[in-house]
Each structure stands twice: as structure tokens, then as C-alpha cells.
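Naming follows writing order (A, B, C and D), and every chain is counted from residue 1.
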């Protein structure tokens, strides 16, 4: 993989009159895992959505490999894999059908491996609406994990996961950053993350 | 498979799973259409005179009742934001969504309109004109309702607002659509209104998806 | 195009100050022209040989109808600028035009009906202009309601701007389809409010009224645009400075 | 004077359209100014 870097340049966001965050600047590059910490309501999700270009900051820029993402949006999205609070799965379709429709490159063998790793192998034909919260979360995670994109942005990936899956996810994140990927996660728990990380504390 | 084609096929598949939504639109269409003979009487001359407006009005109300289903479910389960984050053109993906929504919500109406028109004593060539009018005007209606639905995605109770947005924008379609049917029934050449309907279809398909995709990005903000 | 100039005057503090400074340059002449126009229209202009004194209503109907249409165009233009340059100033202008334009549309409708009552015998005739004026009112209401029902200011600005732009593309289509529909239904309609060969002494009060309404419109937009800008830029320093100046 | 006011039996229509036009213009002007003051007060309070 090429070396990539993501820069946040003094981001500031207001929701109506509430300041959500201000003056957030950092740079991460291939091999980094950035964790955004903060209590509920500290603006983790807003920051993550701003990084993805879904929310527009009032001030500041997000730069991918030196170029502002607003100017090269599709270029940036080719490199970005995102999982938000919502899983982005269609409940009326089966797990396999949902994963088939990855918008972007999918590594088929890798995907099978991930599905087995998350122990979803038996559920491949079941509808998402029949799965438990944890199982759908794992399905959504496996879509991100099996994508061949260098930048993963995960909002609260550990919510609803059992300890096995947390371990597995951590392993995959470890693999990803060791092969030159970049991972950004947000969490309000301290115990889950095991890999080497940079941290950003919001709401202090 | 091409991603746009894939989107189209998937959307069709999902709509088939949500068949009750399709049925709601069709039922609305039929109900509005049968209200007229039941309330104003089944005089043949009168019914054949109002078939044009009735068809267009039923199509409008049917699209009103089902238009929330274009984007709302995907907005709620998060797949809309995944769509917006794809590196493919969102305009193209939205166009596919609109097309598939048209195929599942309006094509049944076209089929049903044959039966409705026959119960209004429309026969022969005029029957074909009725079907063609519903077909053509529903393409524009779908684009307008997709835009209205996208603009009001983040509004909690968008019903009345959607109506207010949809009605003025779809007025030309209502006027020319009912004229096309009326002309053919009276026996005048109705190609004029048809040119207009076709023009509106082309305009709405060229601008609609762009505006809708833009509105979706705004609503996701 | 000199964009630097645009940015300089388009920046919120500059716009705000300019607006409040020159507001009266619009409203005062506007009011004067309206007063002159009213006097000329109501007392000086000779009665129409066909319609008698009832034709004097056009001095109120035509300017408001004219303004309601052009205000929608200005609103859509401001909305477009707002979307392209993400300018709060443009969004404020668009937002402040909406209620004003809607009230003028309402005025045009009411005066049209007041004209119609003695002329046609009924207050409402499905005349092309009145009908498209009514549709215009719906378009304004759609904009206002969409803006009001989205909670976040920024989102509401952008979403309703999209609606305004789509509306302005559709407005001529709507207008001509209504005209076309109308000519089919009523072959000989007596809808012509202003006859083509209007005499000079009848015409000048009308032109004065149109100009007066226009100036007054921009004067009010200056003030209410500044109000909207105040809502959007509450946090910025220049507003705080202005408030301090204003107090002292 | 009465002749002018009655406008040849159309007085009601002419004068009411005059009055309503002036009324709406005034309302717009006054509302714009009142809202400006109230927004300004809000900013003052927030400070």
C-alpha cells in the first residue's frame, strides 16, 4: 500500500448555538490507529461524520494526502470505509445479500474468512431483521473489515460485541495498521482497545 | 456486474420484500378512482369526461401516500449514508433508486389504469392514450416526489409539507396529462400534450436526480 | 467578474453595516413614491371609460403582483449564491425575502379578487394570472414551511434553497401551462387588468407605484436580512462589537 | 368630497384594496424592525 496521511486542520463545529468541538488538529498516517475518546455527547460522532465528509465543519478542513476532501470527494471515498452508529444493512435482505453489495472492492476470500472469524458462518442465509443486535453489528463490521480500503472509520465499533469478537476485531485492526492502513475509532470505554494507539480526548 | 445495474436490481428486490408499500399505492389509486362513479353517479357521458383528471389525481395521491418510502427506510437503517459515501456518483445511484421506485410503484398503476379506464367506459385508442399518459406523467411525478422526500428526510412529520411541495411542482403534469386524455376522447389529435409530457419527463430525469442527490447530502448533514 | 469586490461586500459584517446604513435610502424614497403614486392613481388619473373608477385597483394590484414574481426570482438567485458560495449573507437574504414575497402574493390575490368582484360579478374567476399567483403563494409557503420544520439553521437554509431553485425553474412552466389551460377553457376572458393602450396620465402613477414598491421592498429586505444575519452569526465577534457600540 | 370617496359606486373595492395594501406594507416594515430589536436583545442576553 502507498503511504497515506489524513490531516485535520483546526476543525470547528457548531450545532445551532452549541459548540460541539473547536480547534481540532491532528495528523495521522499509514500505520496509525487513532482513538477518539469522550463521554456521551462530547461530539465523537459529529467529529467522525465530519472526518467522513458527511457533516460540514464551520471552520477548518479535512485533508487526505494533502488535498481537501471537499475538492476530491470521490477520490477520498475510494479510500474510505465507514461504519456509523447505524449499521447500514437492509433488514429485509439476508446477510450474504447485504455483504454482496459492498460499494467498492471486496476481497471475496477475505470476506469469507472474516465472516468465519466473527462466527457468522451459520447465519449467512438469515435475514438481517432476524439477527440480534450484536450479530448485525458484526455483519456491518465484516463489511468494513473485508473492504480493501486503507482508511477505516468506525464509530463505537465495540458496542454490543462479545469478548471473542472484540478480540477478533482488534486482531484485524492490528493486521490492517501493520500493513499500512489507517484506523480511526471512537469509544467511551477504556478496556477494549489493545493495539498501539494515538488518542484524542474530546469534551475536556 | 456494473454497480448501477446492481443497485437497480437490489432496490427492486428490496421493494418486492416490502410489497405492502407497493400495494398501499395501488389501493389508493383504485380507491380514488372508484370514488367518483360512486359519488357523482355512473353516467357514461360524464364519467368519460372526467377520466383524465381522475387518472392524474389518483396517480398524484398514490404517489403522495407512498413517497415517504423512497428514502426514509434507508435513511433510518443507515444504508443511505453508506450510499452517499460511495466513490460512485451519487447522482447515478439515486437515479437508479428513482428508476426502481418508479418500476415498483408506478408500473402497477399503469396496469391497473387499464381496468379503471374500462370501468369508465373508455374504449379503443383512447384506452391506449390513458395508459400512455399515466406512464409518462408518473415518470415526472416520481422525480418530483423523490426530491420532496429527500428534502423532508430530516423532518419528523413530513406529510403535509410533502404535499405542499409536490402539488405546485406537479401542476403542469396534471394539466397536460388530463388534457392529453380529454383530447383523445373528444377525438382531437393529442400529440401536443404528449410532446409536453415527454419534455417534462426528460427535464425531470436530467435535473431531478442531481437535485435529489444534493438534497440527500444536505439531509444527512 | 471581480470576485474580490463580491467577497468584500458579501462578508457578513460589511453587509450588515451597509444594510443598516443605506436602509433609509430605499425606504424613504420608496414611501414617497408610494404616496405620490397613490395620490396620482386615486385622484389625478382619469377614470377608465369602460371600467370607471374600479380600474384604480390596478395601482395596487399590478405592483404587488409584479413584485411577488420578481421577489421569487431574487430569492432563488440568493439561494443559488448561498449554495454555491456557502454564504450566510445570501441565505439570510433568501430567507428574509420569503415572508415578504408571500405577503405580496397575498396582496396581489386579494386586490385581484376585489377587482374581480365588481368587474366579473364574482370574487374568484379561474383566470390564468390569479391562478398562477395562487400557485406562487403555495411555492412561497412550501419554502417557508420547509425552512421552519427543519430544526437546524444551516440545514434548513440549504434544503429550502434547493426548493427555491427548483421552484424558479418550474415557475415559467407552471405559468405557461396555466395560461394554456386557461385559454382553452375560456376563449374570451376579460382578465386583462391593464389594457395594452393605457393612456399616459393613467400610466405614470402605475410606474411610480411599481418603483416605490420595489424600493420599499429592498429597504425592508435590508432590515430583515440583517435580522436573519444576526440569527446566523450570533457567535461571531463582529456582532458582539456591534452590540456594544449599539448600547453605548 | 363624497364624490371622490365613492368612486362612482366602486369606492368600497378601491378603498379597501388601498387600505389592505398599505396595511400589509406597514406590517412588513414594522415586523422587520421589531424582530431586529428582539434578535439584538437575544444576543445581548447571551453575552
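One rule holds in what follows: a contact is a pair of C-beta atoms (placed from the backbone, for glycine too) under 8 Å apart; a residue touches a chain by one contact, two chains touch by 3 or more.
All values reported here derive from a predicted model rather than from experimental measurement.
Peer 1: Out of curiosity, which chains are bumping into both chain C and chain D?
Peer 2: none
Peer 1: By mean C-alpha coordinates, which chain is most distant from chain A?
Peer 2: Between chain A and every other chain, the largest centroid distance is to D.
Peer 1: For which chain is the distance between its Cα centroid and the global protein Cα centroid smallest?
Peer 2: Nearest to the common C-alpha centre lies chain B.
Peer 1: Averaged over CA atoms, how far is the centre of chain B from the centre of chain D? Could you give it in whole Å?
Peer 2: 43
Peer 1: Using CA atom averages as chain centres, what separation in Å is found between chain B and chain C?
Peer 2: Their C-alpha centroids are separated by 32 Å.
Peer 1: Centroid from C-alpha atoms only, then distance chain A to chain D, rounded to Å. What do you get?
Peer 2: About 56 Å separates the centre of chain A from that of chain D.
Peer 1: Find the geometric centre of each of chain A and chain B from their Cα atoms only, then give the gap between the two centres in Å, rounded to an integer.
Peer 2: It comes to 37 Å between the two C-alpha centres.
Peer 1: Which residues does chain C have that touch at least 2 chains other than itself?
Peer 2: 151, 154, 234
Peer 1: I need the residues of chain A touching at least two other chains; which ones are they?
Peer 2: 17, 56
Peer 1: Which positions in chain B touch two or more other chains at once?
Peer 2: 221
Peer 1: Show me, using the given definition of touch, all chain pairs that touch one another.
Peer 2: All chain pairs meeting the touch criterion are A-B, A-C, B-C, C-D.
Peer 1: Which part of chain D faces chain C closely enough to touch in the complex?
Peer 2: 4, 7-11, 13-14, 16-18, 20-21, 24-25, 27-29, 31-33, 35-36, 39-40, 42-44, 46-47
Peer 1: Give every residue of chain C touching chain B within the complex, in rising order.
Peer 2: Residues of chain C touching chain B: 135, 138-139, 141-142, 145-146, 149-151, 154-155, 158-160, 162-163, 165-167, 169-170, 173-174, 177-178, 180-181, 184.
Peer 1: What part of chain C is in contact with chain D in the complex they form?
Peer 2: Counting only chain C, the residues touching chain D are 27, 34, 38, 42-43, 47, 52-54, 56-57, 60-61, 64, 96, 99-100, 103-104, 106-107, 110-111, 114-115, 117-118, 216, 219-220, 223-224, 226-227, 230-231, 234, 239-240, 243, 246-247.
Peer 1: What part of chain A is in contact with chain C in the complex they form?
Peer 2: Residues 14-17, 56 of chain A touch chain C in their complex.
Peer 1: Using the touch rule from the top, collect the residues of chain A that touch chain B in their complex.
Peer 2: Checking each residue of chain A against chain B gives 52-56, 74-75, 77-78, 80, 82, 84-93, 97, 101, 103-104.
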